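Both complexes shown next keep chain A, but they swap its partner, so chain B is in the first and chain C is in the second.
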Partner chain A sequence: MRQRSLIAITAALAAGALTLTACGSRGGDKGSDSGKGGTTVTIGVDAPLTGDLSALGLGIKNSADLAAKTANKKNYVKGVTFKIEARDDQAQPSSGQQNATALVADKNVLGVVGPLNSSVAESMQKVFDDAKLVEVSPANTGPALTQGPDWRTKKVRQFKSYFRTATTDAIQGPFAAQYLYNDAKKKKVFVIDDKKTYGAGLAGTFTDEFKKLGGKIVGTEHINPDAKDFSAIATEVKKSGADVVYYGGEYPQAGPLSKQIKAAGAKIPLVGGDGIYDPTFIKLAGADSTGDLATSVGAPVESLPSAKQFVADYKAAGYKDEYAAYGGYSYDSAWAIIEAVKKVVDDNGGKLPDDARAKVTAAMQNVSFDGVTGKVSFDEFGDATNKQLTVYAVKNGAWAAEKSGTYTG
Partner chain B sequence: MNELPQQLVNGLLLGSMYGLVAIGYTMVYGIVQLINFAHGEIFMTGAFGALTVYVYILPGGTSMWVALPLMLIGAIIVAVLVAVGAERFAYRPLRTAPRLAPLITAIGLSLALQQAVWAWYPEAKSARTFPQIPGGPFHIGNVTIQTGDIFLLAAAPISMAVLAYFVMKTRTGRGMQATAQDPDTAKLMGVNTDRIIVVAFALGAAFAAVGGVAYGLKYGQIDFRMGFILGLKAFTAAVLGGIGNIYGAMIGGIVLGIAETLATAYISDIPGMDKFGSQSWADVWAFVLLILVLLFRPQGLLGERVADRA
Partner chain C sequence: MGPVEPGEGTRAWDTPDPDAPADTPPRQLPRDGRPERHRRAVLAATAAVLLLAGGGYLYATRPHQLPRPAPEPAPPPYPSQVVDVAYLEPAPAQSGAAPRSFGLTVLVSVTAGPPVTVTRITQPYAGLVLTPEPRPPLRIAAGTARKIVVTMRVTECGKVPENAGLPFLDVTLRNTRAIEVHSYILGSRYAHALSDGLHVACGNDFR
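Let's look at the complex of A and B:
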């Protein structure tokens, strides 16, 4: 009997030891990596790589990967090899936080690109900030992430380690309102959102501006992001007599919503933010989506001279998925981290200092370079200084740029 | 313009789909007292079965009128195979185990099926588009009905009629009734209860497959998670209608669908209630209705007294 329990304890100890060795050997692998090209710096990526939003997430991952590969090829930071460590958050705040913890634990990670969703970012910011690990999001547009919950009245920087290359909803919503009211001559809008940080924020800023311009809100609705049946809402939209629908949310719901609104007999365009600016939206919404509009941050990557190289390189790299809506911003986010690392390494005589994370975070504030999407630099809140936006419309089954402009307030 | 008839039709359509899936919950529960939480995933595999037939088996450009019956058959075959396999390998070994064991197994199976489709079905990591029936919508007075919904409007009552005939008139159907009343006595009377249980799983799966095809036609897309929420709603519908009663499942589904639709459309018009109106509150109102029904009729709308069982 006694012997048996002894065997059990030994077995447990052995198993524990094995697990520990396994961890150790993985760390060891990384060490041998760095032996080859000097130091290896890992850039973490957090995005939804599976699920409804994977089209956007994979574009983010691939574009960040392209930035790392480009830097390695050019030997941009001498003695430093960049690699990407991508984690899937499935658009869930809880997964995002787990990923953040895991990335913080990996000492080679000096910066993180992501996440896609503002709601996920909320769960990650503090974890990164505590570790002084810099995070650059290519896609978060929630104003509160940088300017605090009272951003309408009193702006307060939230986290010193959080930056983004995307413009915020504070700009995107009003930009859409101005376009609809002044250019498209729409006066009666039905506003729908999905109650998430991104969707509700967008719908809120849109509503304020549209009212200010003199437009009329003929109805509001909040959908359930898990739902696929919006027929009841579609019928309400038709009843309201609105001449346009504004939707704050993302394409998995926006597509079916647009389709069902048109099917209910209301032949009016659905307008949304960058969350619906994706080819999948058109696939989901079907042929009737012609004329639907979306605003997106920046100017169309395809139209920018600065992005030609990126588009060509992306194609040449042979990624299976499109770079999607945030590809250019993801590349710029990763490149901003690379620039910050370069600054830190150069200041330290060509070597990474011991407190590299804190130094990279500090260097990020002053990063400035000509990126894929134009000039990339950050203001005192960590927001992008580039405030360009574009309205896109669905034409012949694809998004086509309607109007680019800079929001001035 | 009065849109009430339209909202009722919206609710009826949504509810018919709940009902088709709820039948599977209620039949299995009626016979083996198992809440088959993997049933929502059987609905999902059925939809993917139909998609497989259309995309990978039929030649491109096949007319939907030719393809639809074949897709339906494909959906039913896949769903029935999955359900019968689940019964044989996951539930039968646990038939004499405590009731919690098969329940947990069902939840595990549900996750396993979702992840299997996610991992191995081509491009199923995000939603896949489902073929649509061509043609514009139909207008009856104020009411608009989409072509995709015609299938559901026809399939739900036909399925119910077939099921009623089967349960009431055929030998196997009467065997099912007998097994539901008292499995041991039924066995003594010469009913092959093992076979009856397999038939119950298979029938439930076939109805779920019809629902899966209807879902694809109605919403134009299917994904690996589509069965989860719909399965929960269908289970709610089965409880609302009286679990164990096949007519109750359909009635419960329709009541639930209409309740959700009307809650979305009208609650916000009540003065002071505009905060509680939108679709995100519709589920809350649907469950309020469920609680009210269960308070006054614990056995559900059409349920029989099952106090000796529960």
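Let's look at the complex of A and C:
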């Protein structure tokens, strides 16, 4: 009887152990189950998810989502599951402010990624700051958002809850001016902007530097952001004798503007900032856009091994929209929030404290990690310490990197 | 319908054998003639072996235990991603220096990866010639830095910017991964130092 029991027990144990082992091996391929309990932390996302700029906004949303999923898969913050709550601001400041209020009202939200537009950010900053809710923009480049309206002469931080991973137009505009004047040998520029915070600001920093270098501004114009017919301005550009057009604004207008300028007989490049650095610009501008230029934040993807991993993971995740110009910066923005939450949880014995929002905001100032776009950390104004820029040119129907620079001042 | 009755040649297992003692289970020889107890032991052992074999098969063939090829070593970083260039200070004037020239000291450091060689340093303005000292190529290992004095000599005051806001140096870098020309925008201190040097060199001769 004893021998029989031993055999039966051995068999049962072996079967049990092997069953468990086999089950464990299969479950491991899916990674950790993100919904295994504990605390759920929501990362809000605000971006234009519909309308003309949705190509950029959807890339922001998906990239932040990828960061949350990656953190869950890695069980990066023990006991915490991250989820995304994305809201559509339609690139409108009023919608952005409503979204900010709604995100503040949701107590699970401990950080927000976004927005895309500097003008939208202006309407959201105070709402978040009053609630001590941290905001990390992957795309705002207006210098005043961090350094105050008098940033040229006296930098003053505006909100302790506002951070950004993208560099600013205080660098982007002059970088474009230096490239056009020195490398592309352009001396006469026609400057156009869309009167918005981003576009007018970028055109301003470009113009200042281009003049300092000795270049001539042969004409200036402002367009209505809703307009699509620029034939009158195109004719004016042609008459001005400009050898380049600089446009402060975004691709929905920049594309048709470029096309109509060429159609008017001015075979000169249109140059813009990160707001036109999207494949949609090339589609809208047509075949004559070859030679048009854009500066954009960051180094080219192919020069960053970490970005290659991001591109592969984004593809594997199956998002139907491109990650677009700000994908890497959006992933890093979300990951910065995840790092800050981790710091707060670790410092509080593995649990979120009652005043988690304020603590996460405070922790953000000292966040530092190797992200998709390089080293991610913030200076005393909440600006990214990593300030890289790249000039891209339209070649064979796509954007191709021409030259990169790093601001080290 | 009534209960199923044992048929001819069959026997209910729980029917006591009237000839056997009350607490002894009925003895019945299996077809192979071995005792029942022995047969159960063999069955259990066979089941265990089958389980072990089946489990072992599952264990051996589970996906994540398949031998994986060793991960390929990560390629070295692009040189521009591991090189910092920072402006330090104006360089002391050298005796015998060319007229209308001045020096600015920069620090080139390599943070990681294989050594990086600085093969060229230039600046973009037409009326200015730059000479670095020490002369490139300069090999710099990770975790180390080299001070380089860039001497600017003005050849034509009309072709240099009087007060550029964000002037930069173009530095050609090489490591085992790539050769790159990268712009280093050295910030407002460098811009002021460059502007001061140009003002001293050119006086009022700017365009």
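Criterion: the second predicted complex is superposed on the first by the 368 of 409 C-alpha atoms of A that agree within 3 Å, B and C clash if a C-alpha of one lies under 4 Å from a C-alpha of the other, contacts with A are read in each partner's own complex, and residues count from 1 in each chain.
As a working rule, a contact is a pair of C-beta atoms (placed from the backbone, for glycine too) under 8 Å apart; a residue touches a chain by one contact, two chains touch by 3 or more.
What you are looking at is a predicted structure, and each value in this text was computed from that prediction instead of being measured.
Novice: Figure out whether A:Ala393 sits in contact with chain B (first) or chain C (second), or with both, or with neither.
Specialist: Neither chain B nor chain C is touched by A:Ala393.
Novice: Is A:Ile282 touching the first partner chain B, the second partner chain C, both, or neither of them?
Specialist: It touches nothing on chain B or chain C.
Novice: For A:Ala232, decide between first (touching chain B), second (touching chain C), both and neither.
Specialist: In the superposed model, A:Ala232 contacts chain B only, not chain C.
Novice: Could you look at A:Asp208 and tell me whether it touches chain B, chain C, both or neither (first, second, both, neither)?
Specialist: Second partner only.
Novice: Looking at A:Ile223, would you say it contacts chain B, chain C, both, or neither? Reply first, second, both or neither.
Specialist: In the superposed model, A:Ile223 contacts chain B only, not chain C.
Novice: Once the shared chain is lined up, is A:Val136 touching chain B (first), chain C (second), both, or neither of them?
Specialist: neither
Novice: Kindly classify A:Leu103 by the partners it touches after superposition: chain B alone (first), chain C alone (second), both, or neither?
Specialist: neither
Novice: Please work out whether A:Ala47 is in contact with chain B alone, chain C alone, both, or neither, and reply first, second, both or neither.
Specialist: neither
Novice: Just chain B (first), just chain C (second), both, or neither: which does A:Lys403 touch?
Specialist: Touch partner of A:Lys403: chain C, not chain B.
Novice: Using the touch rule from the top, collect the residues of chain A that touch chain C in their complex.
Specialist: Interface residues on chain A, with respect to chain C: 3-4, 7-8, 10-11, 14-15, 17-19, 21-22, 25-26, 28-29, 171, 174-175, 178, 182-183, 208-209, 212-214, 299, 303-305, 374, 387, 403-409.
Novice: Quick one: which bits of chain C touch chain A in the complex? Just the residue numbers, please.
Specialist: The touching residues are 37, 40-41, 44-45, 47-48, 51-52, 54-56, 58-59, 62-65, 74-75, 77-78, 80-81, 84-87, 124-125, 159, 161-168, 178, 180-191, 207.
Novice: Report the residues of chain B in contact with chain A in the complex, numbered from low to high.
Specialist: 1, 3, 6-7, 10-11, 13-14, 118, 125-127, 129, 132, 137, 144, 146, 215, 218-221, 223, 225-226, 229, 260-262, 264-265, 278-280, 282-283
Novice: In the complex formed with chain B, which residues of chain A make contact?
Specialist: These residues of chain A touch chain B: 50-55, 195, 220-224, 226-233, 235-236, 238-239, 252, 255-256, 259, 263-265, 280, 283-284, 286.
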